[in-house]
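The structures come next, written out as structure tokens.
In what comes next, subunit A is part of two complexes: it sits with subunit B in the first one and with subunit C in the second one.
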Partner chain A sequence: MAISESNVRPDLTKRTLNARVALFRRMGAGYIMIAPFLILFLVFAVWPIINSLYLSFTDFNGVKSGEFIGTKNYERMWGDERFIKALTNTASYVVLIVSLNTICGLALAMALRAPTALNQICRALFFLPAVTSTVAVTVLWRTIFTSADYGLANTILHFFGIKTIVFFSSPEWSIPILVIISLWGGMGGTMIIFLAGLQSISGDMTEAAAIDGATSVQRFWYIILPLLKPTTIYIVITGLIGAFQVFDMVYLIYSTVGNIGGPLDSALTIVPYLYDRGFTRFQLGYASSIAWVLFGIIFIMTMINLRLGRENK
Partner chain B sequence: MVGSNRSPWLKYGIRVPVFLLAMTMLLPYYWMVLGSFKTVPELVKVPPSFFITDPTLNNFYDPLGNKPPNHILGLFQRLTDAPFGFLTFFLNSLFVTITITVLSLLIASLAAYVLAKVQLPGREIIFIVVVASMMVPWQVLFIPNFLTIKDLGWINTYQGLIIPALPKAFAVFFLRQYMKSLPDEMLEAARIDGASEFRIFGQIVLPLIIPALSAMTIFTVLGEWNNFVWPLIVVQDAEHGTLPLALSRLNSTIFSGPGTQGVLMAASLLASIPTVIMFLAFQKQFVEGIALTGQKG
Partner chain C sequence: MFKLTRLSTRKWTGLTSFVTLVMLFSLVLTACGDSTATTPATTTASAAATTAASAATTAAAGPKVTPGNLTVWAVGSEDDAKVFQSAADAFNKANPGVKVTIQPVSWDDAHAKDLAAATSGQGPDMITGGLSWGIEFGTKGAMVDLAQKYPDVVKNVQKLAQPGIYNSVKTLDGKVYGVPADLTVMMMYYRTDLLKEAGIDKIPSTWDELTTAITKLQAKGSKGMASSWGNTSWLGWYGFLYGAGGSLYDAQCTKVNINSPEAVKSLQFYSELYTKYKTPTDSTIDFEGGFEKGDYPILMQGNWDITGLESGHPGVKGKWAAAPIPAGPSGKKTAFIGGRMIGIMNFSKNQDTAAAFINYLYTDEAATMTSTKAAELSALWLPPRVDMVSKLQVPDDRKAALTAQLSDAGGPPNCKGWEESQNTADKKIQEVILNKADPQKALDEVAVVMNQNLK
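Now for the complex of A and B:
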């Protein structure tokens, strides 16, 4: 008992002991600091992932606990006409909005890149819809596109001699309306990210090219665009991920008319369909499996993003 | 030679359509403000007026009450199942947004500090799980979270609205990356001086991460103020409803009524004003925040 004490210098034991105590105290403080986040994170982010995966293999309907039915939900999806319809509608919406949003955002950034006072005002105007709630924006556009003769869209059409269009009952207009609303709401944000990308391109290169006689089109195509590639990839991928998740607009426009999918399901997209299955019909098991298919799509997008991002570094 | 490819035509030729487009961007806003202050007869006039002839506050509150065809109930006279009508929804949004923003960023910065600067067994695993969870969309989480809230008996409560929104993985990830860049020597010096971790966090780290925190604050406020899906699922009564729910209710109940556009526009206007003011006041922080986080609200 006394042996160890005599072997070591007493002040050294004390010092290591103090260091130990300090270390434990620091670790204790660390656990206390991370605990609030960690507990909530486990309950509301980790557990639901596990639970959702389990639910997707059951026929849970909210009332009695679901039976395990294997991959039936996933098999059922490919025979579900409405799901396929939702998938194809979402695909055409996504392709349209992502390409238009990227092109318009880039065009705006190019046009407004000089930091003049007028350009600053224009930038703020284009960004304004991004800070307005989607719900308010959708209600606003609903009154604009109303079929009543006092609606703004139809008034403009009448001015050009075009007859009244009943926008919300015409299947061919369903996707274009969603694209118009989200383009109006989204291109300002895209412009800001492109402007940040443009800022990192040094003016020397484009000036040198200009002195060598490159036209502005050539300078854009051969110098600016290749240098903006990482920004463009980022915008396209995050745009794809966001567009696949469209919900608010579709719900607000069409659920009030009776069918969340709009006329002939022409506006039916994945998330509103998931909501319809889960919270209107309470097929929570089936809805969960749709959510996991959506996750699969988003996961693939993210992986492409990471791969392309690494290649461009 | 140089001047030849900078012809004024090309220079201004691109600008003119952009400025026209900027004006078109404003048109819906103009329409919203205009509609909020039009009288009912002016709202249903064909063709509609583009300049207001007889501005009124009747869409907000009509002292004459419901007397068709020229007078209908104003915004603050509707949604009567809530204690203070529309105001209830507005105050709920304010309360829920501020609470979520303050609490979620507090717990996120505490967690980020530990993940960035405190040697702790298991912190690498925690960080990996947090980053991985960012890939999972809310659609996967919202069904099981709804079931949790139901089991806890938190449907139609403030805690049902607030607590599931508190753990924000992106905020932890972003703040942790930001704190990584703070020099370790500074913190070690404070530790040798005997400062506790809480003191180091509060007095040294917190003041240094203000740029990152303000960016996160802006996006959290914006996201929560405009959040629609979660309140839609966990709140069915009027007492705990937030602004997007008020708009959604009006949208589904009175949209097709004659002259009700004015009330809808008034509601949209009031719901948009706070975030628009926030944007105009913190424009610089907004733009820097987008560049910093790559998020766009």
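Now for the complex of A and C:
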């Protein structure tokens, strides 16, 4: 039976109104306080996201409003040789940097976990690159890897009788160079997070295991590592997100006139390619579709990680 | 109850991840440009020089100036903007009530900033940018077609500008969205002292003389030649391609010529400069520093080093000279010509004044003023007028070299799809240099892409 105004009891309407007023009294201040953030979030985050999803189905060129072209941008992607190259390069980079960063960060945390003065100094030294700007770090490594006479890497190689390697124009070196630079800049931060995780593990457990005859390797493998799982998952997920979005290093080292991917596109990763399509070639519709594919990849990887972490609880 | 809690936790985790990731990603999209289009225009500049003087005199007559403010986003360094501002100041003085302000924008930021301005319909009245930017922005409706709205201004520019660079800013159907604001051209720099020591009496002016000189210099302990501008790319190869008698497209942009026998021959030679004659492929090297130290006594570089070299590398003073790039088998020494264009945004409310300012930039007064200011700042601002080279404040021998090179220089092609094809061209050229791929096969593959994009 349909409810009309005539058969709604007035005392019920009043009660509802009173309840709403009470709710506002209780929650209103909170809503008002989060309003500045919420408005900015909606305008500068939610709206661009929704808009970019729409743009991914158009041929928007940045100036004229785009026409709806259905899924053409997404179809185009799979036949786009450069996109596939960017995707494979990004995958190689992500696998290498996330695994090495996690392993090296953990190794450093284990090595420097004792609260001695020397360890404190070492921690600060290893953490230092994490607070240095990527631009400065990249410029430093450019100087190290250059094939000019002052290049440190080649000077060391020459010391061991190895011929000059022209790192920046050798396609096989592009991803390793990006990984080395990221690792140097990032493992200090990872170490700090692992140190925090290690401090939350009670010493009693490892002591008890030691008394029961567990070796240090067994204690690490069977006690410390499982207890560090939440920390590890956090590091892997944030590492994945950051690694998939690598941009500044590639741009600073490999971008030249008309080319953003380095020799033979060997350093071309997804976000620089997205930037190139969107802001150099004015294909903002296509760039938006690349962004959404990247989002999908990161989302799936994150969900897999969370699921794996939960299953092993 | 447990199940319900678990489910909501999952949902919450998923939602949180989703929102976090989308936020991160939107930043990438919201936070976050080159190349070109012009017919391969290799030309002689004498015609322009002949008509220049008379045209420059008549340049003062043009669009009506109305009082108001004009903002120009000038791509380049702060010094470049100061050079440009010197002309703007004179224009302001001559036109009471008008205020032209030049704001520098770095090359890294300019393309994206200009695009944001075009998208929002708010920003500067005028922009300067890479030669192709006028066509890029103009064909998308962001810039005024000067040929249609201010035909007299464009006629004046056409008479005065170096023909190669003018052809680079004109679309095939005659639209002109930006005119050259300055120009840059590839040149050869060499160390006079080191060439003499190596027994090289004649400036290398052919490919054979170039390779002979490199061999002799290397025998004396130096590293030979370096190519700074356009290293291992189509831009660096351009001069050799045209020197061999080749071209990227035909003059009407109806046919792709990049895999012609001449082009193959030139790419073979260009790659040998790297593989056989050890020109460095690493662009991170400080080539000017290497030139000063004597590592690279021959340097292929843009004309900006004509004035800029000694200020950054005083040790080279009195030991170097500039010359046109060596001629190829065809006898041509066609160098790549680049530079900046200046155009009017379609949302500008002062379009007539902006057009008048463009006209003013082509006067003798403005060209002299910018050159003088550039000399003060040890920069080289080369007006796009060949006839003005004689007024540059640089030694006569360098002026002569510059004039000689400008007499045979061409801009990037303005054929459809060249922009999209450039990356493939670069990649295939690099495959030949770095992976020793067959030049014919590599260029055939570029031709396939260029033909697809030309349709």
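By definition in this document, the second predicted complex is superposed on the first by the 264 of 313 C-alpha atoms of A that agree within 3 Å, B and C clash if a C-alpha of one lies under 4 Å from a C-alpha of the other, contacts with A are read in each partner's own complex, and residues count from 1 in each chain.
Note that in this section contacts are C-beta pairs under 8 Å (C-beta built on N, C-alpha and C of every residue); 3 or more make two chains touch, one makes a residue touch a chain.
Computed from a prediction, not measured in an experiment: that's the story for all the values here.
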| item | value |
| --- | --- |
| Fit or clash between subunit C and subunit B when superposed on subunit A | clash |
| Partner chain in contact with A:Ile144 - subunit B first, subunit C second, else both or neither | first |
| Touching partner for A:Ile49 - first (subunit B), second (subunit C), both, neither | both |
| First (subunit B), second (subunit C), both or neither touched by A:Val21 | neither |
| Contacts of A:Trp184 with subunit B and subunit C, given as first, second, both or neither | first |
| Partner chain in contact with A:Ile300 - subunit B first, subunit C second, else both or neither | neither |
| Partner chain in contact with A:Phe168 - subunit B first, subunit C second, else both or neither | second |
| Partner chain in contact with A:Ala291 - subunit B first, subunit C second, else both or neither | both |
| Touching partner for A:Val271 - first (subunit B), second (subunit C), both, neither | both |
| Partner chain(s) touched by A:Met205 [first = subunit B, second = subunit C, both, neither] | neither |
| More subunit A residues in contact [subunit B versus subunit C] | B |
| Interface residues of subunit A shared between complexes with subunit B and subunit C | 44-45, 48-49, 52, 142, 146, 148-149, 241, 245, 247, 256, 271, 274-275, 278-279, 287-288, 291, 294-295, 298-299, 302 |
| Touching residues on subunit B, where the partner in the complex is subunit A | 1-2, 5-6, 10, 14-15, 18-19, 21-22, 25-29, 31-32, 35, 43-48, 107-108, 110-111, 113-115, 118-121, 123, 126, 129-130, 133, 135-141, 143-145, 147-148, 163-164, 166-167, 169, 172, 191, 196-198, 201, 222, 225-226, 228-229, 232-233, 243-244, 247-248, 250-252, 255, 261, 264-265, 267-268, 271-272, 275-276, 278-280, 283, 286-287, 290-291, 294, 296-297 |
| Subunit C partner contacts - residues on subunit A that touch it in the complex | 44-45, 48-49, 52, 61-64, 82, 142, 145-149, 166-171, 241, 245, 247, 253, 256-259, 261, 263-265, 271, 274-275, 278-282, 287-288, 291, 294-295, 298-299, 302-303, 306 |
| Contacting residues of subunit C [partner subunit A, same complex] | 13-14, 17-18, 21-26, 28-30, 32-36, 111-112, 115, 118-119, 136-137, 140-142, 230-235, 280-286, 290, 295, 419-420, 422-423, 426-427, 430-431, 434-435 |
| Subunit A - residues contacting subunit B, complex | 22, 25-27, 29-31, 33-34, 36-38, 40-41, 43-49, 51-52, 55, 107-108, 110-112, 122, 124-144, 146, 148-152, 155, 158, 184, 186, 188-190, 192-193, 196, 210-211, 213-216, 234, 238, 241, 245, 247-248, 251-252, 255-256, 271, 274-275, 278-279, 284, 287-288, 291-292, 294-295, 298-299, 302 |
